[in-house]
Amino acid sequence: MGSTGTVAGGPPDIVRTAYASLRVTDIAQARWFWVDLLGFHVSDEDASTLYLRGSDELIHHNVVLRAAGAPALEYLSYRVRTPDDVARGAEWFAARGCRTRWIPAGATEGVGESVRAEDPLGFTVELFCDAAHAERLIQRFELRRGAEPARIDHFNVVVPDVRLAFEHYRSLGFGCSETIEDDSTLYAAWMFRKQTVHDVAFTGGAGPRLHHLGFFTPESHSVLRICDVLGSLHVEHHRERGPGRHGVSNAFYVYLRDPDGHRVEIYTSDYYTGDPDHETLRWRVDDPRRRDFYGNEVVPSWYTEAMPVLDLDGTVCPVREILQVSEVKVGADGFAAGPAGAGSSGSGPAAGTR
Amino acid sequence: MGSTGTVAGGPPDIVRTAYASLRVTDIAQARWFWVDLLGFHVSDEDASTLYLRGSDELIHHNVVLRAAGAPALEYLSYRVRTPDDVARGAEWFAARGCRTRWIPAGATEGVGESVRAEDPLGFTVELFCDAAHAERLIQRFELRRGAEPARIDHFNVVVPDVRLAFEHYRSLGFGCSETIEDDSTLYAAWMFRKQTVHDVAFTGGAGPRLHHLGFFTPESHSVLRICDVLGSLHVEHHRERGPGRHGVSNAFYVYLRDPDGHRVEIYTSDYYTGDPDHETLRWRVDDPRRRDFYGNEVVPSWYTEAMPVLDLDGTVCPVREILQVSEVKVGADGFAAGPAGAGSSGSGPAAGTR
Amino acid sequence: MGSTGTVAGGPPDIVRTAYASLRVTDIAQARWFWVDLLGFHVSDEDASTLYLRGSDELIHHNVVLRAAGAPALEYLSYRVRTPDDVARGAEWFAARGCRTRWIPAGATEGVGESVRAEDPLGFTVELFCDAAHAERLIQRFELRRGAEPARIDHFNVVVPDVRLAFEHYRSLGFGCSETIEDDSTLYAAWMFRKQTVHDVAFTGGAGPRLHHLGFFTPESHSVLRICDVLGSLHVEHHRERGPGRHGVSNAFYVYLRDPDGHRVEIYTSDYYTGDPDHETLRWRVDDPRRRDFYGNEVVPSWYTEAMPVLDLDGTVCPVREILQVSEVKVGADGFAAGPAGAGSSGSGPAAGTR
Amino acid sequence: MGSTGTVAGGPPDIVRTAYASLRVTDIAQARWFWVDLLGFHVSDEDASTLYLRGSDELIHHNVVLRAAGAPALEYLSYRVRTPDDVARGAEWFAARGCRTRWIPAGATEGVGESVRAEDPLGFTVELFCDAAHAERLIQRFELRRGAEPARIDHFNVVVPDVRLAFEHYRSLGFGCSETIEDDSTLYAAWMFRKQTVHDVAFTGGAGPRLHHLGFFTPESHSVLRICDVLGSLHVEHHRERGPGRHGVSNAFYVYLRDPDGHRVEIYTSDYYTGDPDHETLRWRVDDPRRRDFYGNEVVPSWYTEAMPVLDLDGTVCPVREILQVSEVKVGADGFAAGPAGAGSSGSGPAAGTR
């Protein structure tokens, strides 16, 4: 980290989680899953790339899928308020000793000039302001399919030290809506810029790895619908956990895995967090409702499996083992008491799954 | 009516409403509306005919649409319990002075030998038992679209004398779930064979005419969805009335009109009527909730417009004016108090609409 | 079994599953669970008995809960078409060597003269025709709470020999909508009299025991609601399995356990089975979607725990071990591969749970 | 308006619509409607005042209802970001020639020091920052009833000059999400501070009057539920318009009227507007979907009836006739073609309704 930690003007004014860029190994398989099944709209595509957005998204995309030899997260991208915030972001990360790189407008379809940085947590993050606007599909109900994704809601990342991740994003001006903790340990935290429960959340584990991308859908029956569709096609193994309601966030959810193992959450009905004195809700780690308000146990893979992340040069970032007490060891999830180690294998950069 | 009125073995054992055969003037337009928008599954088709079914239907079809020069109802078709009931039906109608005709198996795709009769109310009705089974689509959620029609639920017919229609169907063994009435007049009745609120219902007016076909969808959000889709495509004029909940039947509904003016109800959440002592629920004609439990007024076209019906030879049946007090004159629907005559124009065989 | 097996007039004409009589150990706790939480309507009650019905039920009750020293199923009660069918049922069971007993009208509130029999499967079953009608609550939306139970849908019983249970109910005139089977074994069957997927179903296991009572609710959001309410009150341990969609029946469901361990299913959106040639849908035992269409594993307790049943004298019926291959040994449920024996403990008359 | 129009520091930083203070003539009747039927939570109450909030609200209240001799809007209250913004607001309004008054902390239960101003549109508006926090009820599903109001979403006010209202709120820093307009006239506008479609909207008509208060509910089935409940109790006349989906905002809605005629909208499923370059969506006034995406006509009372507003001294503000072309004269709502003047009666301070 740089010598000062103080940059004129403070951190960049991040507006919200905007999109993620993922590597997938088979673009046709990815298209089947994300477009035909989940119902994302294709903003642009070529032989090796898909630009996808939800029906409420008004900028170019929420996900970029690029064909590559192995699945990974390339970077997480946040939208900032002004072009100056892009520059301010470059300075801010550089002042913290982070390697940064300017990306010219158009290098990613629909995205203006941006800066990317290797953040202190080990993730490559992008900041941009200018964006191409996409056709408004909010009221194109005839185009809705599958899970009816409306917009990207959040990133969830696996980090070896949740407190460190929390402090980093707090310094970036994020609020904290909810945590899982006990008297000595912060197990997980949900942090936001836009007025919802989160733009980013942290899960304790070997990292840096990408846990999942969360997408908003308007009502809970669409969460059930995508489960129904997966069963219909006998590809129900793409569902990993849920449907259920989270204790944290109050959202109704299901977790899916794409053909490369990228985890997707379909998510609805969280709440407004925009008031200046919004208080953090703190869940005790032994409350069985924190991860599933109905009391369903979290499946082990949800804790242990996550996707590798890349640095600015496209190299897989090394993974550090978890540096804190594991939630599954102390929590109420049934499988923690199962076969020894089931819930805490750590397991390294588990690439994909099924 | 024949001299006896008594047939050995009594009336045929009707199982349920099975399908209707409609004439449409443009098969491509009909396909757009019934298949692309509403979401019916195509069981069979050729240049001039469409055989459609809902996702829960296990026999060949619920609707036949045939290209012709003018829209009309050809006939209403009921399934009976055994082949003997087809013969019993032929005798039963003949004994009442009704013209009948045997139709060989396969004359309609997927339908075994049947008998058709010009019933005392002026409608051509068909009875059949044998039917081709169709592929089970109940759990093919990936094929659901639009209103997600599951099965045909009921016929609603316009008759000049509701009491007469009631007595006719009572003699056929139908139960009566609900009525609209006052001390002197029966304005409408809902009658059933299967264990739901109805297989057939009667609306008082110039007749015989077809009021609508009712199709079941599993949940109310699918009723809303088809309204959303129509608005998306700016063809919202195909929606005529609703969405809302009926007082009668408790069903959540919307009424649509196809390109020829055929009225379609999307209908969900009525109730079980299978107990032997199921009592008729009688609504007072001045209860504003009877037609819409929320109190929304019925639009005038819903009372005045209906489709012509054909006899066994395909000739349009002459329409008799209403022979009883009109519901809209005495009822609570706001428009009855509107511009003189708006609600009771009677209007003859109003063919189509927009 | 009696010498003839043939009774004049055949089996009684059973209309549907009507109610079950359960023993509970704490009537106040039972009232809290069934009335305050689940939302059943109280038709009658005294210090030791509760008579409960769903909002669509038009006869007196769907469940009787009686205070006693230990939880048990007293009897399952079916409604028959005519008073003669009660007598016919008495003869029919007697002819099969079953002990029967006439119960005078009014012995159970709201129920006319009935006959009870110890059926060949070891359950006490009641047949009645006359019943007191209850106030119609179908459109009393202001009274709906919790799971919004509308009517009883089915009984599910645990039997050591599913084939035997299937044959018994087939001889009583029940149709079979679905099964779980393989080339050599019938693992489970769903059988109906009313026009739904079932009135009774069989689960293979040590028996006779009661597996669960199934209640219909109009839409899936009410299934989610009761899960939400349990979490709110931090009594989520009363939820055992789900929410999810069944492969068998296509119904959306959740399983709950009352304070005595009686299992309750909240169930919606199955399908019509009333056609005379309705075909049985056969699920392979190794299809992971058969028990949960989304692929969620069945929890072990769901297979192993069930409630004791009483004979005509109120004595607990002895339980026989399962006589066939266990579904969980050959099926796809993940826990079958877990700790040895977890899924097949048989376990005797496991009384209650938590 | 003051001589400068420029205040150091610009306008106050308004966070969102927070609550409205209404006069009602019968507090018991109001409690029945708002609490027992709609499902608001009571934060505080005495013999003449009710403080109500939705289940997601974390500050003290969203509505204050005070007993008085005639129904009226006392004031609209916005929350600002800091205590300095309260002072900045006082200066800002004063600089525009508006009468202002400081209100000490606690004068309204749960509200810190605030300033109230008679704004240029004729409404009394309050700005406050400090607020008492209320018990978190977001996950108290067992307390949800009726329409399940979650939080206040917006105010809708009737103004004689929509353009003037638009300019006023733009100078206060509000964004504009949608409008109804044609080449010469702005008929209506939706403006926001929080990241939803609106905090305030303007309807053209005789004003200043309060059109309605809009409350958010999580899903559309709760909108249907309150309609069901009103019908159940045969008080369906408290529903005025809907259910339906708005073209503007895409929200699913119903409008109700309380016992004094105060209009309440239950509203769900609009969209995120937080991006800095969020574009205004402009509806043509002749698009029949703008007010109801399904094409249902707006009922005349919805355009003509609204509630009087009070000045800082509690005196009813005089109403000016509409100063622009009326939407209903040029729009597509069917009744505009009805009896002359039906849609534009203006009608003065129509106090209540039924």
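Should a chain be cited, it is by its letter among A, B, C and D, assigned in written order, with residues numbered from 1 in that chain.
Going forward, a contact is a pair of C-beta atoms (placed from the backbone, for glycine too) under 8 Å apart; a residue touches a chain by one contact, two chains touch by 3 or more.
Quantities reported herein were computed from a predicted structural model and do not represent experimental measurements.
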{"item": "Centroid-based (C-alpha) most distant chain relative to subunit C", "value": "D"}
{"item": "Comparison of C-D and A-D (more C-beta pairs in contact)", "value": "A-D"}
{"item": "Length of the line joining the C-alpha centres of subunit A and subunit C, rounded to whole Å", "value": "44"}
{"item": "Intercentroid distance (Cα basis), subunit D paired with subunit A, Å", "value": "36"}
{"item": "For subunit C paired with subunit D, centre-to-centre distance based on mean C-alpha positions, whole Å", "value": "50"}
{"item": "Residues within subunit C bordering two or more other chains", "value": "139, 219-221, 228, 231, 247, 293"}
{"item": "Complex contacts: residues of subunit A adjacent to subunit D", "value": "15-16, 56, 58-59, 79, 81-82, 129, 131, 133, 136, 138-139, 150-151, 194-195, 218-220, 247, 250, 269, 271-272, 274-279, 281, 293"}
{"item": "Of subunit D, residues touching subunit B in the complex", "value": "220-221, 224, 227-228, 230-231, 234, 236-237, 239, 243-245, 247, 252, 288-289, 293-295"}
{"item": "Subunit A residues within the subunit B interface of the complex", "value": "139-143, 219, 221, 225, 228-229, 231-233"}
